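Labels for the chains are A, B, C, D and E, by order of writing; each one numbers its residues from 1.
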Amino acid sequence: MKNAQLYKYSQEFFAVQNEEVHQICSDFEPNAIDTDYVYWLNFHNLQDRQSLELLCQKLQLDKLSIESIFQPLRRSKVEEYSNYLFFQIHTLRNNSATAAETEKLSFVVGKSFLLSFQDHQGLHFSDVRERIEKSKGKIRSQKSDFLLFRLLDALIDEIFVKTEEVSDQIDLIDAGIHSNMKSHLLREIETQKRELIELRKLIQPIKDLLAGLENMDHPLIDPSNKHYFKNLRNSCTSLLEDVDAHKQILESLSNLYYAAQGQRMNEIMKVLTVVSSIFIPLTFIVGVYGMNFKYMPELEYPYGYYTVVLVMILIGAGLLSYFIKRGWLKRD
Amino acid sequence: MKNAQLYKYSQEFFAVQNEEVHQICSDFEPNAIDTDYVYWLNFHNLQDRQSLELLCQKLQLDKLSIESIFQPLRRSKVEEYSNYLFFQIHTLRNNSATAAETEKLSFVVGKSFLLSFQDHQGLHFSDVRERIEKSKGKIRSQKSDFLLFRLLDALIDEIFVKTEEVSDQIDLIDAGIHSNMKSHLLREIETQKRELIELRKLIQPIKDLLAGLENMDHPLIDPSNKHYFKNLRNSCTSLLEDVDAHKQILESLSNLYYAAQGQRMNEIMKVLTVVSSIFIPLTFIVGVYGMNFKYMPELEYPYGYYTVVLVMILIGAGLLSYFIKRGWLKRD
Amino acid sequence: MKNAQLYKYSQEFFAVQNEEVHQICSDFEPNAIDTDYVYWLNFHNLQDRQSLELLCQKLQLDKLSIESIFQPLRRSKVEEYSNYLFFQIHTLRNNSATAAETEKLSFVVGKSFLLSFQDHQGLHFSDVRERIEKSKGKIRSQKSDFLLFRLLDALIDEIFVKTEEVSDQIDLIDAGIHSNMKSHLLREIETQKRELIELRKLIQPIKDLLAGLENMDHPLIDPSNKHYFKNLRNSCTSLLEDVDAHKQILESLSNLYYAAQGQRMNEIMKVLTVVSSIFIPLTFIVGVYGMNFKYMPELEYPYGYYTVVLVMILIGAGLLSYFIKRGWLKRD
Amino acid sequence: MKNAQLYKYSQEFFAVQNEEVHQICSDFEPNAIDTDYVYWLNFHNLQDRQSLELLCQKLQLDKLSIESIFQPLRRSKVEEYSNYLFFQIHTLRNNSATAAETEKLSFVVGKSFLLSFQDHQGLHFSDVRERIEKSKGKIRSQKSDFLLFRLLDALIDEIFVKTEEVSDQIDLIDAGIHSNMKSHLLREIETQKRELIELRKLIQPIKDLLAGLENMDHPLIDPSNKHYFKNLRNSCTSLLEDVDAHKQILESLSNLYYAAQGQRMNEIMKVLTVVSSIFIPLTFIVGVYGMNFKYMPELEYPYGYYTVVLVMILIGAGLLSYFIKRGWLKRD
Amino acid sequence: MKNAQLYKYSQEFFAVQNEEVHQICSDFEPNAIDTDYVYWLNFHNLQDRQSLELLCQKLQLDKLSIESIFQPLRRSKVEEYSNYLFFQIHTLRNNSATAAETEKLSFVVGKSFLLSFQDHQGLHFSDVRERIEKSKGKIRSQKSDFLLFRLLDALIDEIFVKTEEVSDQIDLIDAGIHSNMKSHLLREIETQKRELIELRKLIQPIKDLLAGLENMDHPLIDPSNKHYFKNLRNSCTSLLEDVDAHKQILESLSNLYYAAQGQRMNEIMKVLTVVSSIFIPLTFIVGVYGMNFKYMPELEYPYGYYTVVLVMILIGAGLLSYFIKRGWLKRD
């Protein structure tokens, strides 16, 4: 994959230029933009800062916006300018093992163009690209605001997929917790909880951004397209509800884990108690007749030994039946 | 049951056509609709996609809506079009063992018709059908928006019934927890908690949809009928409150479970401690006089043995009375 | 008590007719209503359905409303009709042991009349009746909306009393938990928690109903009386806050219970550990000199026995002082 | 302190009359009020009901308001009348040990007068009195609404002080929990939690009352003074946040308490386990050679005894080093 | 560092005067203010109260505002006056070890001047100073409201940094909890929780203040600058979300801690139980043959000893294999 791509499309014409950043930036000529087309420039990294800054200046972006593109992002941002809209959000990093690994995405939406800047090479938008190429849906007949919708939709879809991965993990844990009680399961539960916390932190700002877009009164956002952003916001709401529901299920599973831990402790203690309670008194008895007193008449009795053994059997049986009656010998 | 049903009714006339999907779809002629009637077409599965798509096209549904009917549903949806309303929600699957098993329902509400698409064969609407047939209530004198109200009402009723099933299960657990403390009870508690989590996920989107209907300003929704949707929304609110109350009761029951677990551990340990604390010191004493030293004057005393036995009885009785005094021998 | 009562009052005149349902229903003649009076008909059960339906029809109630009076109530309801208002709520059943036992109350508020239907015989409104009879407060100079306010006030007062009963129970538990730690206390705590859950379920719908009354724009509700309903709503808010505060106190008490349980376990284990740790090593020592080896020089020493006893005393005292130093012998 | 005080002040003149209730009530003549002054009558108890009722009637208060002054207060109240405002709230009782002990305060705010009724003698307002006497701040140049602000401010300050007392108690507990783990600490934690619950119940209604004052459109409340009430409401908000933060810290401390309890249990069990695991096997060995079989060749070996002792030392050392390696002998 | 600094800047000119409080206060002449400049006076302590009060009086500040500057701050404050705005907030104290150590900051924003009062010497604003000096960003071309934005931004950045410190601490704990289970980790967890509670208490009032600035309609706040304050408010929201997410992660970690504690207890008990259950019965057996009865035929058998040893080996091996089968000998 190259580091930058230019998609130029209208209803009649579609072109992808997959070139290096420098090339695309210097070739792009804002004055020569054909307003029948939408130009989408997607940059896969920010290494060639010089070329990118040049491009931004050609498009008359504000100095503050340009600076933001290259700085780490603390909070998602929506900024309106007269000639463009500027957004920044965090999103899941492609192929990342955990939701804690995110990357910054910056969008510049202008009249006939849309720039998107990724921190790292990654295929967030392959579905959108395919739609453009195959002309699926409405994307070829719409303006840059619709393209923005499609790109955000693609990002939310990625989060959906990640949420479902968590859901699958939870099912695995659930199966595990029913069959055995390994200690790593709790760690797994807590890991998934943290994934959900991270996902929540990703989704909330996107939802706020979408609310901002819905309420925005800017010529670049066609009012008749606002319901797309509303739909995306509903998706975010439903994602947040899913995340919360998953968190509750994990809570439930850790309860089961703790109870099973307590259960095992009970069983261990019962074994110890039953064994000790039977043999400690018996050991005392045999100890008595192990004493070396000169005058211990029982020792002289011919059936002394047998009597003691009998007594011990009776005591042992009595205690055992007591424990059986209290149900300590069957697992529950 | 056939795979599709057409109900045609007005104040004077009522007809049910219980036919295969293909037949109904090809017979239905939008231009020939008699506006004195409401036509309700209920499809029990989506297998004959071709016929259904044909029908939708005849009714001039948007391409996106048609596509949505056949795709899995991520979030509930309300979409307004000039000539129809389009809804999609999840609902409980008929005869399903758990609230986690849901199915997608799609509704298309037009001027004199209502289409409903179920993913699976199931009797969600037998009560509505009966009302139409027997002309109970207002349904025969009303338009498609009232029919929609009735259908949603039927779905909410199903959730009510499921919620009451959970409530009954909770009563069973409650009875169980008071009589004995089997470990499966906690599992049962957590199972019911998850049922409630799933029910909450079902109800919330329906409530949102109803709020959308209330605020909607569309010719197909008669303003004088809006209070029906408001009533349904109130039902959803009350259902959510029930779900939360049930969840708290389950919380309460798991507290009892844990406390009982701790209680049993205490009892087990008390048995062990009482037995050990009495017999271990006594065993030590008899051990002393089991030593083989040549010069142990006590061993020679004529009453040595009896003295030791007496001392041991006194020690045992003393310890026993100490434990009785501390209340360790009665269960609490 | 009879099954129905008719109160007819104005500023000059007050009459109670305490008769059977049938009698009152057939006697009541809507056309003959004297609009200087308010007629309040209170029915203590719904057994004579025929008479009651007749009365409702005479008052031109909607078919749906009439049906609702006789059906179980799932959710509280406010319905506006041009000639009357219709409410249904759940309330505490008179003399019920637990807040889970509720009954349905239905109200029909018309221009000069108010019907109230109780599911069971019970004295919810004796205070209101007394006010009318003794002409206390404003009730005799006001219309049916003020009577409604008084009736709802009486119901909320019943819930206040119930809440205070819970509060008293909590004080009892509190006293109990400080003096001893019986296992039934936790059960008692959980019982009271469930009472509070049930009370919350009762109060919330009444509060919603009162909000509905406040916002209602109906000729039967005099705007200058709306602050009465607002006051009642504030009472409900404060009741809900009380319920939540009580719930938190119960949470606090169960924490104390669990901690005490853990405390006792610690104490039990300390006894076991101290006894075992002192006597098990000593028993080992006496065991050594109980061995029957032919060549064990210590056994021959004249002071062997006394030396061993001395060593054991030293070991025992050492261990004991160690445990005392670690504070295991004093209760904390 | 006398039972009632009359403060009469304007910018030029200030007078305090510290007399008995009867005297003040009969002397006060509404028609003779000098509107250049504000008359503040503060009653320290409600015993002389007759005189107080007389005063209220002279001031043309509503019958319902008068009745409320003498009845226990269930919920805080704001009532607007054309000629006066009537408030009732709960506040901390002076010098009370716990926030659960509250008293009712009633305020009547008129054009040039303000009545305040305390249930019990107590110095809630000594700061306000001082301000009037010393003419600090704006109080002497303002009307009765500003006086009301000052009185409410004084009450909120009392709650601030109480909240800080709780905060200090929490610091003490914190110090205690770090140095030792006495069981009374948990009780102390729970006591402070309940203080916070009670404080929350006090603050919330005052906040609601202040919101009511802010939104009120009454000639007695000068709009330019509303920001005073807004400031007080912000104080209440911040108090509620403090209360919640304190509650979370207490939660944190009880977690530490429980963990320490578990920690001690672990340590107790480790001592028991180490001692038992070393000496029980050894005791078995010496038991073996204490058996009285006729043919036990080891007993005849000249070095049998020394061999066994050596073996036991090796076993003991092995077990000990195993436990040391597993870290059971150092405290953590 | 001196105790006060005067920054005077416009687009053309920038001057810092780093002088003692007295000097600056007496030199500053409000009438001589050049409105092309913004004068920012930053005071690093409040010790020279007299001079500061003099300055405030020269600037015609309200008596109440002046008093507030020198009093401890209970709640953050925004006050509008015709000629200036007055703010007070708590912020992190510079170089403080814990978020619980805060200091009060007061701001007076006038037409061409801004006063800031710190309780203690500390470098909250070095970044802003640098921007002014190096003329970075817009600060030199803007009025006092923009300077206020920059100062608040600097404070919020400090809180961001503190929050990230907590985040780093959490990562350390996390690493610690995975490798070993020292008891101080829980204390560390609870310490960080309290940091977060304190941070929340800092952030919430600043967020409220910013909301107040956004809604304020005052000539000193340029409407076109309001989006700066909105951006800061969004930062606060995102900070609060971070704080909550961190708190949940700490919750998760304490769960792991408790589970590990329980796990260790289980392991300790298993060791005790396995050792006791094997050796206590065996000790009983050897005790039997240590009895001194005259008639014990087994003792006379030539192979008695070997038989008993064999039996004991069998019993021991049986019990051991039983425990191995139940999985008690492998750690989990």
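Assorted remarks:
As a convention for this text, a contact is a pair of C-beta atoms (placed from the backbone, for glycine too) under 8 Å apart; a residue touches a chain by one contact, two chains touch by 3 or more.
Keep in mind the model is a prediction, meaning the values are calculated, not measured.
Common partners of chain A and chain D, by the touch rule above, are E.
Per the C-alpha superposition, chain A sits rotated 145 degrees relative to chain C, a value rounded to a multiple of 5.
Counting every residue number used by either copy at the chain A-chain B contact, under half are found in both chains. A separation of 25 Å divides the Cα centre of chain C from that of chain D.
Taken residue by residue, chain A touches two or more other chains at 258, 262, 265, 269, 272, 276, 280, 283, 287, 290-292, 296, whereas all remaining positions touch fewer. Chain-to-chain contact here is organised cyclically: the chains close a single ring, every chain touching exactly two others.
Begin at chain A, move on to chain E, and keep following the contacts round; the order you get is A, E, D, C, B. Contacts from chain B toward chain A in the complex involve residues 64, 74-77, 79, 181-183, 186-187, 190, 193-194, 197-198, 200-201, 204-205, 208, 254, 257-258, 261-262, 264-265, 268-269, 271-272, 275-276, 279-280, 282-283, 286-287, 289-292, 296, 298-305, 308-309. Put simply, chain A touches chain B in their complex at residues 137, 160, 178, 227, 231, 234-235, 237-238, 241-242, 245, 248-249, 252-253, 255-256, 258-260, 262-263, 265-266, 269-270, 272-273, 276-277, 280-281, 283-284, 287-288, 290-296, 328, 332.
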